[in-house]
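In what comes next, subunit A is part of two complexes: it sits with subunit B in the first one and with subunit C in the second one.
Presenting the complex of A and B:
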């Protein structure tokens, strides 16, 4: 599993304040904690600043990488912000995200092909949000074809099936899960990824729903998750499911995490 | 609430069958249809919105109650004389340009309908021009805008500008909402109100209309 640590996002008040105050030590600490907890990429998102997003996103990239030799997941719907952040980033970042929306696809294609990177391809259609498995797979397929057509290796593409709340339509869970399976069947080698919290919008005890959804999605073939790796229960679910699916040789990762006290029931 | 208590309880529970039967029973017993609407249905949906805002009930329960009310409305609407259903006000609603998210917008729409507002839904990715043109056409009391992305929030002030240019800004109240939207942002762009969820959207809309 590829884990993207989601905690450095300015929609969280504590992060927004740290960015406003240029509190580099705090941001570095949040990044380090997530790296230690098993994140493969550290997500950085400054979207709530609107006018100052680019400046703040660039500051986040430089700040985290100033003390941590670690790849980041550059997170913005704004193609200009992603282009600027990518120029500053050392190593191979993950780009979050490209979609079929006109304003995003056109400007982003040259950005994501300007250097090596992992790309999250969000199944958001040109004019509407996909609902059914078929609609999601259709948008995913278009994105995979566009990207591979530009020379992006398929294993660098992480298709996000677009998670929508189960509270407004109880088919939303199975639609996302079905899309994950169909996409990996139709496009061998491609990765899939998603955030976990949208699924539980509008419901109580969201953590329970989120971590069980993670387990289900993994069994359908999910290969990446945008999540909080410092959430011990969530990481415990992830590592035990990974092991149960036969992806943890000698149960090494699970036992290591136990010995390092990173998991607990 | 006493007269329509069984109806009210059925709407709260989202029990369509019982609610429809109770509506029919009330009609058969000669109850005033405006009373059925105001006391049995709208007042109950106010309670639903309030419970939702307080975190006592959740989205699926709110949707279920709204759906129950819609089914009851099907029975009583034909009995109102033309244009006879009293409306709390006309609301024009849509997700702003560049944004395709409609879940939050639809929840607000449903609760406003439940509260007795008349809604015109422009859907998603609505341009400022479209908002302005429709405002001129149907003369709503309230224009409600939704945005889920920080990149599409700037469509909100652009829409307000378009309403201004069309000469209708001062004829409507503007309310906004959506995950990245804040009260502070509403003030910055000179919207009239911000609502954080579907329940409070109704409360804010009522206070904009001067209804308690």
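Presenting the complex of A and C:
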């Protein structure tokens, strides 16, 4: 599993204040904790600053990479912000995200093909949010074809089926899960990724629902998750599922995590 | 999901002592608690009493049903014990279990076809424990053919893929999961069931592993579980997965369980 640590997002007040105050030490600490907990990429998102998003996103990239030799996941709906952040980024970033929306696809294609990067391809159509498995797979397929057509290796594409709340429509879980399975069946080598928390929007005990959704999505073939790697219960689920699916030889990673007190139920 | 409450088993010291002391009130309480927590069947097992198993199993059947109008899961490897318990049982029991072992299949076939019952068909071969998916499916298919050949409706058969510890062989999880999927694909209408705790034998934090295995098995199509329905964390997993798989309209069962404090993480 590829884990994208989601904690550096200015929609969280503690992060927004740290960005406003240019509290580099705090941001670095949040990045380090996630790296240590097993994140493969550290997400940086300054989307709540409408006018200053570009400036703040660039500050986050430079701040985190000033002390941590680690790849980041550059997270914005704004193609210009992603282009600027990508210029500053050292190494191969992940881009979060491209979609079939017109104002995003056109400007982003030259950016994501300007250098090596991993690309999250969000199953958001030109006009509307997908509802069914088929609508998700349709948008995902279009994005895969666009990107591979531009020379992007399929292994660098992470299709995000777009998670919507089951409280709004009980079928939203199986629609996303079905899309994950169909996309990896139809496009061997492609990766899939998603965030976990939208699924439980509007329901109580969201953490329980989120981690059970992770378990299900992994069993349907999910290869990446945008999540909090410092959440011990979520990590316990992730490591249990990896082990139960036969991907943890001699149960070594699970037992190591237990001994390091990174497993708890 | 069909839930078989597993707590009345004399391998648990507290139950063994209650059986020895003929403490009917205690046994009835354990049965009632499981029924109230959502069990569809109450398992009764007196297997630790080698010489007195039949007498004690019969006492358990009469004791539980004396106060609870509820179907039991009659649990023994001994065909004579099952035959005697079935004679006393009021209503339609579940029989746990038949297998392809010679000393079990021959004597049990006339018992399980003597009256209506649900039958757990354990994927244990004539000579050896199954290792692979194929070996499990092979034994399961033989049992389904034997039973349906004797007139048992396929819906009354619960194939148990036989769970073995992943600590012994990392592939034991996917072998059981793959067998569940293949059996329900090959035999539409058949049910599948298993216990959860063998999977984690020899590992730390077994409850975490067990409940994640339940999540996985449900996503592979498991329709029954032999489990402790009073375990709130396990129930939280079960209800979350049912909801995420689109089987809980308006998320009503989950929200009700939350309000009744039967959900906790």
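Note that the second predicted complex is superposed on the first by the 265 of 265 C-alpha atoms of A that agree within 3 Å, B and C clash if a C-alpha of one lies under 4 Å from a C-alpha of the other, contacts with A are read in each partner's own complex, and residues count from 1 in each chain.
Quick note on the criterion: a contact is a pair of C-beta atoms (placed from the backbone, for glycine too) under 8 Å apart; a residue touches a chain by one contact, two chains touch by 3 or more.
None of the values given here were measured: they were computed from a predicted structure.
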Touching partner for A:240 - first (subunit B), second (subunit C), both, neither: second
Touching partner for A:220 - first (subunit B), second (subunit C), both, neither: second
Partner touching more residues of subunit A, whether subunit B or subunit C: C
Which superposed partner A:167 touches (first subunit B, second subunit C, both, neither): both
First (subunit B), second (subunit C), both or neither touched by A:146: neither
Which superposed partner A:78 touches (first subunit B, second subunit C, both, neither): first
First (subunit B), second (subunit C), both or neither touched by A:12: neither
Partner chain in contact with A:199 - subunit B first, subunit C second, else both or neither: second
First (subunit B), second (subunit C), both or neither touched by A:128: first
Overlap of the subunit B and subunit C footprints on subunit A, listed as residue numbers: 167, 170, 203-204
Subunit B-touching residues of subunit A, taken from the complex the two chains share: 11, 47-50, 53, 76-78, 101, 103, 124-125, 127-129, 164-165, 167-168, 170, 201-204
Subunit C residues within the subunit A interface of the complex: 166-167, 170-171, 173-174, 177, 199, 203-205, 207-209, 211-213, 215-216, 219-220, 233, 236-237, 240-241, 243-246, 248-251, 254-255, 258, 263-265
Subunit A-touching residues of subunit B, taken from the complex the two chains share: 55, 58-60, 63, 98, 100-103, 106-107, 124-125, 149-151, 153-154, 179-180
